[in-house]
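Note that subunit A is present in both complexes that follow, paired respectively with subunit B and with subunit C.
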Partner chain A sequence: MHYVLHYGQITPYIPYLLGGVLISLALSILSFAGGMVLGLVFAILRNEGGAAASRFVRGYVAFFTNTPQLVQIYVIYFGLPDFGILFTPFMAVLIGMTLNAAGYLTEILRAGLASVHAQELDAAETLNMSRLQTLRHVILPHLFRVTMPALTNQYILMMLGTSMAAIFGVEELTGRAFNINSTTFRSIEVFTTVAAIYVVVTFLATILLALFSRWAFRARVPVI
Partner chain B sequence: MAQLDIRGLVARYNDTTVLDGIDLAIDRGEIVSLIGPSGSGKSTLLRVISGLLRPVKGTVSLAGETIDYGDRRSLRRARNRLAIVFQQYNLFGNMNVLRNVMVTPVTIKKRDRREVEAEARTLLEKVGLGDKLNAYPDELSGGQQQRVAIARALCLKPEILLLDEVTSALDPERVGEVLDTIKLLAAEHMTLLIVSHEMAFVRDVSHRVAFMAEGTIQELGTPEQIFDAPRIARTRTFVSRILGHRTAA
Partner chain C sequence: MLAFIAAEIPRLFTIYNVILLAKAAVTTLSLSAVGCVVGLLCGTLLTLARMSRRRSLWPLKALAFLYIEIMRRIPFLVTLMTFYFGAQVLGFNFSPLEIAFVSTSVISTAFVAEIVRTGLQAVKASQIEAAEVMNFSVWQSFWLVRLPQAWPIILPPVFGYFVLFIKDTALASQAGVLELTQAAKILNTKGFSASLVYATVLLLYFVISYPLARLGGHLEKRLGTARHSRSRRTV
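Now for the complex of A and B:
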């Protein structure tokens, strides 16, 4: 028990770790955006798409929210090549995270859609708004306003979840931490530094998303 | 030719008949009010006219053109000519007051933004909300929201305005302003169909009053006839109860 902390050995790697942050951010932002598009389509299909579409969405959500994300990405990265479908590690993780996020986001957005006031929809209809115009001007602003806190939480979870990409060899923040650790053998310094970086990044992301929610959707989200 | 001609209108919610053969013709510039107990079909009639509930029988015509409620284009044409102000205001919560009023003329009718904005500001001034242009519905009182809803409807320049319980949420000093606005609309030859429980308002503003019960128009006449000398017992009972209650209050 005579371990002496030497954070000085990690300092030169900070720019390298920050490069990993960019990859983590790219993974989380792209998969969140993709998940949002899929989730919105699925949420609308679940509510208005008829019995078959609703069953499909229910099955999709049940599958992706009841199986580990890691297993899902394993199927994509190690299973699909047997059918001749190959992805780079980054793409496999991105697709896996997107499909997984869509499952959770479908449920969040579906709850938001259910909270749109029927009176506002009546008004939109009598004002001759088309379905698309109603979606654009009435439903989506309301939806984002009420779901922003949940969406922010989901994004933060996804940002932290990018660390599993390291298992597939993606050199995002945790992946780069593995590399530094195997060179320096300074596990405590490496991983506490990485943990601190995650804290800063998610803290900043939470503040930025809260400010954006307030500005764009008048969402009542506390900034801190 | 009547501006709004309703013939044999029947409507149902699931298996319940809520309108059971409504006949009503309203001339251009005429103000007709619907009174009656809750559940008598007054608001439903406005919902059917505006296409929110499809009738199962009967016709509604606007200046001779029958609305085909199953045809999107026909319904769009009709909705371009009439506007409805709802009991619950039905403002868009994500838009400020000015945008609530402007959204349809600018986005749907593709009118010039500056021109619409000038009109919207004038209308909002007229209903006493010139200082609330940037407020959001959840920052306004019920009465203020209702006045925004009226301004929104007026900004559409409708030929026919359907008003569903518009004074019920207004504070007393604003009722007069709305009344004056409605009289102004009548002078501009706008046809008005009003649902209201405010008997003084109805009596003051209407050319004719229809008493509804159980999905039918039981009696139709001038305000004097309906309030002072109703022909049927049902109307008499309703009017005396309402007026008696108001007097007691």
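Now for the complex of A and C:
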């Protein structure tokens, strides 16, 4: 029980850890963007597509929101090679996170789409807007304004979820923590430092996203 | 390849492997359940500390606030590894399962505390004022006025969190806890195709989680609080 903390042994590794933050950020931003595109398509399909499309989207959402992301990535990374499909660790995690995010984002965006008032769409039609113009000027601004808090929440969760990539050998923040842990054996120091970095990064992300949604969509979200 | 994998199926579902998977499923469920029950108890205490209006309790209030804000911003894997390696370094002799129970409890306390807080705050201030006017003590007004009105609001999201947490506990496999994901890793090591075992476990998770999620949705409708529907954790 006579353990002395030595954070001094970790400080030389701080730049290395911050490099890992960049990979974590890249992973979370890319998968969030991919998930948004897929989610938007799915949400529109679910609301306006035919019965088959709607059923497919419902099944997709039910499946991906009711199974662990970790096991999904396991199937992609370890399972698909059985069929000759090989991915690098980064790609496997990226694909898994994107597909998983699409499930949750579809639900968020669908709820947002459902909250667009029929009168607004009527007004757009009266103003002789094309379907694309209606989407660009009426639906999307409303959608983002309404869903921004939920989207921010989802992004933060995905940022935390990127730590899973370490399991597949991606050297992001947690992966680099494992590396430092196995060279210095300063486990408590390494993991608490990394935890602190996650807290700071997600905190900054929350503030930046709140400022962004205030500026871009005039969403009424508290900054802190 | 498909025929090859199909040929493995009868070998995979022998009685021993089925027992392994069933035991693993029970561990998965109990990890989430223990986390949520401890989370509900400790989370309520934390919330009470945070909402307390007594001046002298400010250090406790600050601690509760920091705990809730910080623990929700640390990935489960990092918390788990901190406890896992931390226990080793400090010389505690905990089993992986105990480590996993501790870390799920620590994490879910923070998340459930936030759910409890929104529930308790949803009770109108006028109700508490009325209780004060009727000379209720702080405990009486909490126990007899606030809690009976708050629990139908608290319960559905806590149940939703329990279902969500079932999936998060897959990470406990990294500490060597024998839950579903770890069972898949073991079966894979035994020589079964990765695609087969991981797909099986994926399906098992779905079979466990989907009915519970549906039940949660039903519960939410029954208790008449649709306000938090579909939302996951709030960070």
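By our rule, the second predicted complex is superposed on the first by the 224 of 224 C-alpha atoms of A that agree within 3 Å, B and C clash if a C-alpha of one lies under 4 Å from a C-alpha of the other, contacts with A are read in each partner's own complex, and residues count from 1 in each chain.
Basically, a residue touches a chain if its C-beta (ideal position, glycine included) is under 8 Å from a C-beta of that chain, and two chains touch if they have at least 3 such contacts.
None of these values were measured; they are calculated from a predicted model.
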First (subunit B), second (subunit C), both or neither touched by A:Ile14: neither
First (subunit B), second (subunit C), both or neither touched by A:Leu5: neither
Partner chain in contact with A:Gln119 - subunit B first, subunit C second, else both or neither: first
Touching partner for A:His137 - first (subunit B), second (subunit C), both, neither: first
Contacts of A:Ser163 with subunit B and subunit C, given as first, second, both or neither: second
Per-residue contact with subunit A, leading partner among subunit C and subunit B: C
First (subunit B), second (subunit C), both or neither touched by A:Leu86: neither
Touched partner set for A:Phe217, first subunit B, second subunit C, both or neither: first
Partner chain(s) touched by A:Tyr198 [first = subunit B, second = subunit C, both, neither]: second
Footprint of subunit A on subunit C - complex, ascending: 1, 5, 70, 73-79, 81-82, 85-86, 88-91, 166-168, 170-171, 173-174, 180-181, 184, 188, 193-196, 198-199, 201-202, 205-206, 209-210, 213, 230-235
List of subunit B residues in touch with subunit A within their complex: 50-52, 76, 79-80, 83-84, 86, 88-95, 103-104, 107-108, 136, 156
Footprint of subunit B on subunit A - complex, ascending: 117, 119-120, 122-129, 133, 137-138, 141-142, 145, 217-218
Residues of subunit A that touch subunit C when the two form their complex: 1, 3, 62-63, 65-72, 74-75, 78-84, 104, 107-108, 111, 150, 152-154, 156-157, 160-164, 166-167, 174, 177-178, 181, 185, 187-188, 191-192, 194-195, 198-199, 202-203, 206
